[in-house]
Each structure stands twice: as structure tokens, then as C-alpha cells.
Amino acid sequence: MDRLDAVVVPGRYQPLHEGHLHVFKYALGVAKRIYIVVGSAQESFTLKNPLTAGERIVMLETALDEVMGRGWERRIRVYPVMDINMNKVWVRYLQQLLPPFQGVVSGNELVLALFEDEGMEAIRPPLYRRGECSGTLIRRRILEGDPEWRRCVPEVVANYLDSIGFTHRLVRLARHE
Amino acid sequence: MDRLDAVVVPGRYQPLHEGHLHVFKYALGVAKRIYIVVGSAQESFTLKNPLTAGERIVMLETALDEVMGRGWERRIRVYPVMDINMNKVWVRYLQQLLPPFQGVVSGNELVLALFEDEGMEAIRPPLYRRGECSGTLIRRRILEGDPEWRRCVPEVVANYLDSIGFTHRLVRLARHE
Amino acid sequence: MDRLDAVVVPGRYQPLHEGHLHVFKYALGVAKRIYIVVGSAQESFTLKNPLTAGERIVMLETALDEVMGRGWERRIRVYPVMDINMNKVWVRYLQQLLPPFQGVVSGNELVLALFEDEGMEAIRPPLYRRGECSGTLIRRRILEGDPEWRRCVPEVVANYLDSIGFTHRLVRLARHE
Amino acid sequence: MDRLDAVVVPGRYQPLHEGHLHVFKYALGVAKRIYIVVGSAQESFTLKNPLTAGERIVMLETALDEVMGRGWERRIRVYPVMDINMNKVWVRYLQQLLPPFQGVVSGNELVLALFEDEGMEAIRPPLYRRGECSGTLIRRRILEGDPEWRRCVPEVVANYLDSIGFTHRLVRLARHE
Amino acid sequence: MDRLDAVVVPGRYQPLHEGHLHVFKYALGVAKRIYIVVGSAQESFTLKNPLTAGERIVMLETALDEVMGRGWERRIRVYPVMDINMNKVWVRYLQQLLPPFQGVVSGNELVLALFEDEGMEAIRPPLYRRGECSGTLIRRRILEGDPEWRRCVPEVVANYLDSIGFTHRLVRLARHE
Amino acid sequence: MDRLDAVVVPGRYQPLHEGHLHVFKYALGVAKRIYIVVGSAQESFTLKNPLTAGERIVMLETALDEVMGRGWERRIRVYPVMDINMNKVWVRYLQQLLPPFQGVVSGNELVLALFEDEGMEAIRPPLYRRGECSGTLIRRRILEGDPEWRRCVPEVVANYLDSIGFTHRLVRLARHE
């Protein structure tokens, strides 16, 4: 397969972890440009979606600065996208909001199914420490006071999360739900 | 006033014209980073909003490549934002979706009023060929077959609009409405 | 062109008139099945959209009984569809809600443009007494007390509209707006 | 007709004027309790709807304190209600949100039609200086710098509007639209 | 009770099974016409709602052709209806979208409660192999690879589901959720 | 801390219980006026939200008449507010709909976090028989036929709930979900 012009890489990034960064790197091998879609952008201050889209963009840019080095902005874009809650029209909805893309890179079965259903490229990246690092696992470890979660995220991300009181926010939301 | 960290520059960019580019340049003098908000991102294929948000982002990036030169991505971001239709909460809605900003650069009275109402910086850029170049005027001229509109947009924008059949689209939509 | 399996025929039908019936007949020559889409189904009790979707379906079925004769239900379906207010995703939205179709039959430029944009059949029916019979014209004539509007609709439709007090409703709404 | 238990009195109150106060007084003769519905509650900072729902509630309560005297709260409630944009279900939507009511007092033809359509009391109050005092007229006069508008509103309302810079807001919004 | 003119028969039909067909037959004994409401029409590609409304309509029509025989279209209509998420207004919302009906036939307690609350006919059909055949059970059996689910649906429905890769879709969605 | 001018007291009140009344009394010590926000006002006829907003307002007013005595309307307002489903903008959304307030009184961690995030007063009331009386517990006891729930609500509230058939409604909804 020739390199595609552009692919989307959707996720909730609650928070960003090493697994996501491996997907970004893999996607950069697949396409000339990647559009990171910060999904469920309307959500925040819930246990499942504690960070706002704005906070997630800051976290992503901070990590990309660190990991990808200067010039990543030439090939990577980060876009907040709110849910539409109609799976069948979701891909067209993305096409309405973003520059043209030819496919998706994702480990999410629903995302892959929806892109296949549209006849677009649906590319599954190789697994990376799955089961060790996931948003759910990280949030749970933070709630349990287990510092192991820091090994799943770049140091600059951990620092950013500390700076906005992420642990405190999660603990409060856990008491709520 | 010290330079701000970031400002938003909202617009519909239907289409992008020289006036917008002057606002971008002015805003880059006011803040270290500017977030161009492609507003009414859910709209397209109407006389007032003929282009999709995705097409508007392509047009903006093409023009920024041409006008700003290499490296503009370090200081400029382009974000599609759908309408929320509640003016009083609109600024908070932007804050939810975008990285932190301290104010707005805009000639739009409503936008200025809403940012002032929030106690944020509301900066009016100097006028630039107002009355000559506006989205409304450009769309009208295209419909009237008056090629003068091309003098209001960078050549790369005119070329992009030609490549997607913008004139044809406008003419059809005019027949509809 | 071979006959298509199915086409949609979208409209607001405020109210149904002879022009619509000619489009239905033309569409039945183009495709084996036609799906009449009663659009803006959420609207009613406005000057532009006085009838509810439910009333419009009754009116359509009454006219089809009269004009098409027994058995029209084998080949025609009538579906209420609410607006989605995102033109670029509208065709996919219809595909989500309705059985498969390959194109559209419509004189509406926006509708034709959106189906072409999706690479689907966009078929313009021959003109029929255009300028004489349109929803707008009929509603205006009713408001002016001009009985000529009755020549634009099948008698059963006029009777139905009389039975639900359509003239009275229009007059009230005109006083409102 | 026996006095009803409760009626709604819907309006946009942009701004409140003497005509509204006469409707309230009339409604208090018709029903034991009246529920003032501050409609289009999601709207603000537009030429047609400059005030937020919160501001309109303050204005209403200020005027009621002045005009109705102590104890009006026993018989009057003021509720913000957002638009639902489906006329046919609007009355049921009100019934969902508010305590039970048996009808409406309104000079608005659409409102009267919708309540009649539900088989409820639809009561038209006697006319009061119509043509002299209306929200539209007041907003226009303010924009034209014509102080006559002050004769249409209680002095406490004029004072409140002055205190929040209403004239300035209107002028800005007029420049925008 | 005399036969009603029309009743609605709401359901999600994920997928259609023999229990639904018995309800349809029972409803045809209760009313001259039945309006099958394909509910949650905006949903698809989830474990609970795997099929689009369009697919569900095809499945329903295929089964009705088989089970009801020629001419069922005279007495049965199938309408996609999106959720409104306001239970108290749901019946009025249906009345807005569909031709007139006098009641509902359903085994769903919420549906029955909402129609009773409106003072309409709320008719519970006799139980039919409940516990053996339900959408939930069928989806679970398919996921467990248990072919017993085929005994709950007409053969033409099983064939249709096979033709669109229903099992594959469900398995993917199960891996996702 | 000086007494505030006004605070909001948000809740779902499904149903109102003694704990809520203690919060109201506490809030009246904190601020001159309290705005009781009947949240999730669009919800009803679900196990978690059985009552409509209108019913909840009646229940609240009935209890306030009983518990607070004559004149409570001078200092207390009750407002129905629908969900906006964007936590980060929720406080601004309340500010749009209600008269000015300076803070919140609530035991809900999410509510407290959102007000703190806005730099407003976020006041936690002292605990009151927590674990004994909560909406969830009351609804569960009613479903289990345990009359102990009546000790958690004022007698007038129990009477109101009986008068609208609350137990019957809950039982039906439990059978549904």
C-alpha cells in the first residue's frame, strides 16, 4: 500500500498514554499527515472523561513537543470533535469538519467497523503493552493511589496532570459517582 | 499591554479573504499564539455558508503556507467549532474546546461584546479595505459573474475555490434559495 | 439507464400539489420503488410549515389513493424525516433512516447538489406548471382569499385541508408572523 | 367561567413593558395563579433577544415588586423556558416543566392556536395601547435615541435597563447585524 | 371494545423476532391499521442497537411479505422514529410525526404508562414464548455461537441478517464494549 | 463570611426528602435568597427520574408551605432546568437562565467542583441522616414495599406522592428496566 495522504486517529485521551504515542508514530508511517481527533469533546468532569477537550489538546501538544521533536506541526493536527450520537453518520460528520482523509488508524473495533462500512481504509496498529496502559487502568490506579500509572505516560504529561490537580479532580468525581 | 499568550480569532471564512489575513497578522502581534476558530462548522451548502469546515481549513492552511511562510504552525492553530446557539455561554464553550486563551481579536461587535461580558481582552483590529472585501461581497460578486472578487483573496485561495467548483456550487445554491 | 431499485423524493408538502404528483409519477418511471420523504417533520404551525408531518402523511396517502389507484403501497413509501441541519451529512442521515436507495428525484437545487456530492443519482424531473403551482403560491393565495389555489391540488386534498380548518390556521399564523 | 386554578402567560419580555403588566393583571382576574413563562430562554445578545433569561427575571421581579405590591409571590411564578422548536409538542413540553395549568392568556396567535389545538383554555386579553408599546418598538426607539420608549416601561424597569447598559448593548448588536 | 382505527406498535426490533410478529397479528385484530414504530432510529452499530433503522425496515418488510402475505401494505405502515429523550412529551411527539392513532399495543411497561398518562388506549398483548425469544437473548446467543437464536426469527429474517454480516458486526461490537 | 445575596441549590428531588429540607434551611442561613434548581428537568418516567419537573415543583412548594411557613416565597425560588450535558459550561448556563447568584450549597462533589472551577462559592452543608434518607434509598424502599420511606419525607409530600400514584408508577418502571 502506498502511503496515504492523511488518516484520522480518534481517541478520548483521558489521559494520553504511551499506547497512544505508539499509534501516532505508526500512523505517521502510514500517512503523510495525521489528524488526531479529540473525541467526546463536549465531555469533562466525569470519571470516564475527567479532562476538557482544551486540557487534552494542551496535554497532547506538550507530549508531541517532547516526543516528536521540533516540526511535528507540519504533519500532525489536533482537532476537538463533539459526539454526534449517530454512529452510521459519524464518518461523514468527520469529513464535514476536517480536511480530506483516506482512512483511520485505530484499535477501536467500532471505529474500524464504521470506516470499513464506508469503504475507507481501516488500519489496526500493532498492539503495544495492551493491558498495562489504558485510560481506564490509569484512572483506576490514580484513584487507588498506585503511582505505577506514571510509567504509562511521558513525564511531561504526568507533570501537566499534576499541575492541574488531576488526582484531586478524579478523587472528587469518584466520590460523586 | 504585554503580549498575551493566546487569543482566538473567530470567523466563518466563507471564503477567506485579505481582510482576514490582516487580522491574523495583527493578532500575531498581540499574542504569542492565535487560535483561528472556523465557526458555524456544522453549516455548508447554503448561500451564506457554502463551504464545509473541512474545506475552510484546507483553504486557510493553503493561504497560511503562502502568506506566512514556513513555520506558521508553531504559532497558529485552526479549529472547527460548531454553533451552540446560546450567546451567553459561547465563550465558556470555546474555553471547554480549546487550549487556554486570554482574549479575542475580532471586528465583530457580538464577539467583542461577549468577550467583554466575560471580562476578557476584546481587541478590535484596525480596519482594512472594509467595504471592498467581505465574505458577503465576494459571494455576491461571484454570483454576478464579476471577477473583481479575485482581488480580495490570495491567488492560492482563488485556485483552491476554482478546483472545488465553488462558483458552480454558489450558482446552484442561489437558484435554490 | 436501467431502472433503479429505489429513489427518494424529498419535499415539505405544505401542502401537496399537482406538481408533486407529477414528480411521483416521473419517479415511478425511474425506479421500482419510491420513498417520499416528508421533510422538516419537526415543523408545524408556522406560515411556511403549517401542517404537521402526520397531517402531511394523511394528505399524501389520501391523494395517492385517489390518483394512483389500488396497490400504490407496493411501490411507494412515505416517511417523516426531521431536519438534521448539517447539509454535508444529510444524505448519509437519510441512508441511516431509510431502506437502501440509489438516488433522488427532485427539482430542488440543494438536494440535487448534495446527492451529486455523494456520487449518487440526482435526477431532475421535467417541469410541470412551475410558477403556477407551488406551496408558497398556494399558501399566499389562501391568505388572499383567492380560490384559484384549489386548481393546484387534487379535490380530495382540498377536502382534507378544509376538514382540518387549514385556511383558518393559515390566517391565524399570518396574523402572528 | 369560573376562575381557573392556573394559567401560563408566555412572552419574551425583551424588554418588559406596560402591555405585559396589563396582561398579568388581567390574567390574575382569570386564574388564581399565573405562571409567567420567560420564553426563548436560551437566547441573548441578539437584536431581537438582547437580554438573558436571568436578566429578564430580575426585570420582571423588580417590576412586580413595584406594581403589584407585597405578596405577589403567592400568586405569580416566573419560569425560564428554552425553545423546543416543535410547535405541536410545545404545550406538552410546558406541562412537563411547570405545575398544572388549565390554559393560557396571550395575544399571540400562535400561542392561542396551540392551546386551542390541545383543547385547553386560550384566552385573549383586551388590547392595551397596542402599536404604542411593544418590544420591537421599544428596541427600535432605543436604537434611534428616542427617549419616548421610557413611557412604555415602569420607571424601575428603565432604571434596571440603564444599570446594565442596555442601550449600549443594543447599539453594539445593531452594528453587528 | 370496537375496533380502533389505528394503533402504534413501537419497538427497537434489534432484531425482529417471532414475539414481535405475534404482537403485529394481535394488533391487527384490535385496529384497522397498525403503525410499526422503529424506535431509537438514530442508533446503530452498538451492542444493544446493532442495526440501522433502514436495515430494520428492510428486515420488517421482508418478514411481513413472508408472514402476512400480499397486501399487508394496506393495513401496516413502518415508520422510523428517533428518540426525543423526554418521556412526558413522547406520545405527543409521535402524534406530530404519524397519522392519527387511538392507542398502543405493547408489552413495554413504560410505553403503556405513557399512553395511559395521556388517556389513550394502552393494550397489552398476550404473552408469547416470553423468556425464550427476545432481542437481548438473540443477540447474546449469536455472540455465544449458539444457533438456537434462529428458531426465534423467521427464516427470511435469518437470511437477511446473514446477508449483511450481522454475526460479524455483533462480534466486533462486543469486542469494543 | 458575610451573607451572600443568593445561592443556587441544585438537585433532582426524586423525590424531595428531609435531607433536602435541611439543606434549604442551611442555605437560607448562608444567603438572602436561594434558587432551588430542579435539575434534569427533561427527565421523567424512568426509575431514576420518575417525576416530571412540574410534579417536583408542586411537591417542593407543598413542602415549603408546610415546613417554612407563610412568606417563604420572598426568599426562595424554584426553577426547572434541563441538562446541558457539558459540565464545563454548566455554571455559565445556570447564570444565563437565573438571576445573579454568588455560589452553590450542595453535597454533590461534581457540583462543588464545577463551582470551584469557576471561582465561585462552593458550600458543603453539614451532613444530615445521610445513608438513611436519599432519593435512591427511598425509591428502593418503595419498590420493596417497605413503608419506612415515609419517615424520610414530610407527610404532605407522602400524601402528594400517594395522590399521583407514585408507588404504582415506580413499580411499572421497575418492571420495564
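So that you can tell them apart, the chains are marked A, B, C, D, E and F in the order they are listed, and the count of residues begins at 1 in each.
As a convention for this text, a contact is a pair of C-beta atoms (placed from the backbone, for glycine too) under 8 Å apart; a residue touches a chain by one contact, two chains touch by 3 or more.
Since this is a predicted model, take the numbers as computed values, not measurements.
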item: Other chains in touch with both subunit C and subunit E; value: A, D
item: Of B-F and A-F, whichever chain pair has more C-beta contact pairs; value: A-F
item: Interface composition of copies subunit C and subunit D: same or different, split at half; value: different
item: Centroid comparison with subunit F (C-alpha atoms), farthest chain; value: C
item: Centroid distance [mean C-alpha coordinates] between subunit D and subunit B, Å; value: 37
item: Subunit B and subunit E, separation of their C-alpha mean positions in angstrom; value: 47
item: CA centroid of subunit A to CA centroid of subunit C, Å; value: 44
item: Junction residues of subunit F - those touching two or more other chains; value: 42, 44, 52, 86, 88, 95-96
item: All pairs of touching chains, each written as two labels joined by a dash; value: A-B, A-C, A-E, A-F, B-C, B-D, B-F, C-D, C-E, D-E, D-F, E-F
item: Contact footprint of subunit E on subunit A as seen in their complex; value: 85-88, 108-110, 112-114, 117
item: In the complex, subunit C residues that touch subunit D; value: 42-46, 52, 169, 172-173, 175-176
item: Interfacial residue positions of subunit E with respect to subunit D in the complex; value: 86, 88-89, 92-93, 95-96
item: Interfacial residue positions of subunit E with respect to subunit C in the complex; value: 41-42, 44, 52-54, 57-58, 61, 73-74, 77-80, 82, 95-100
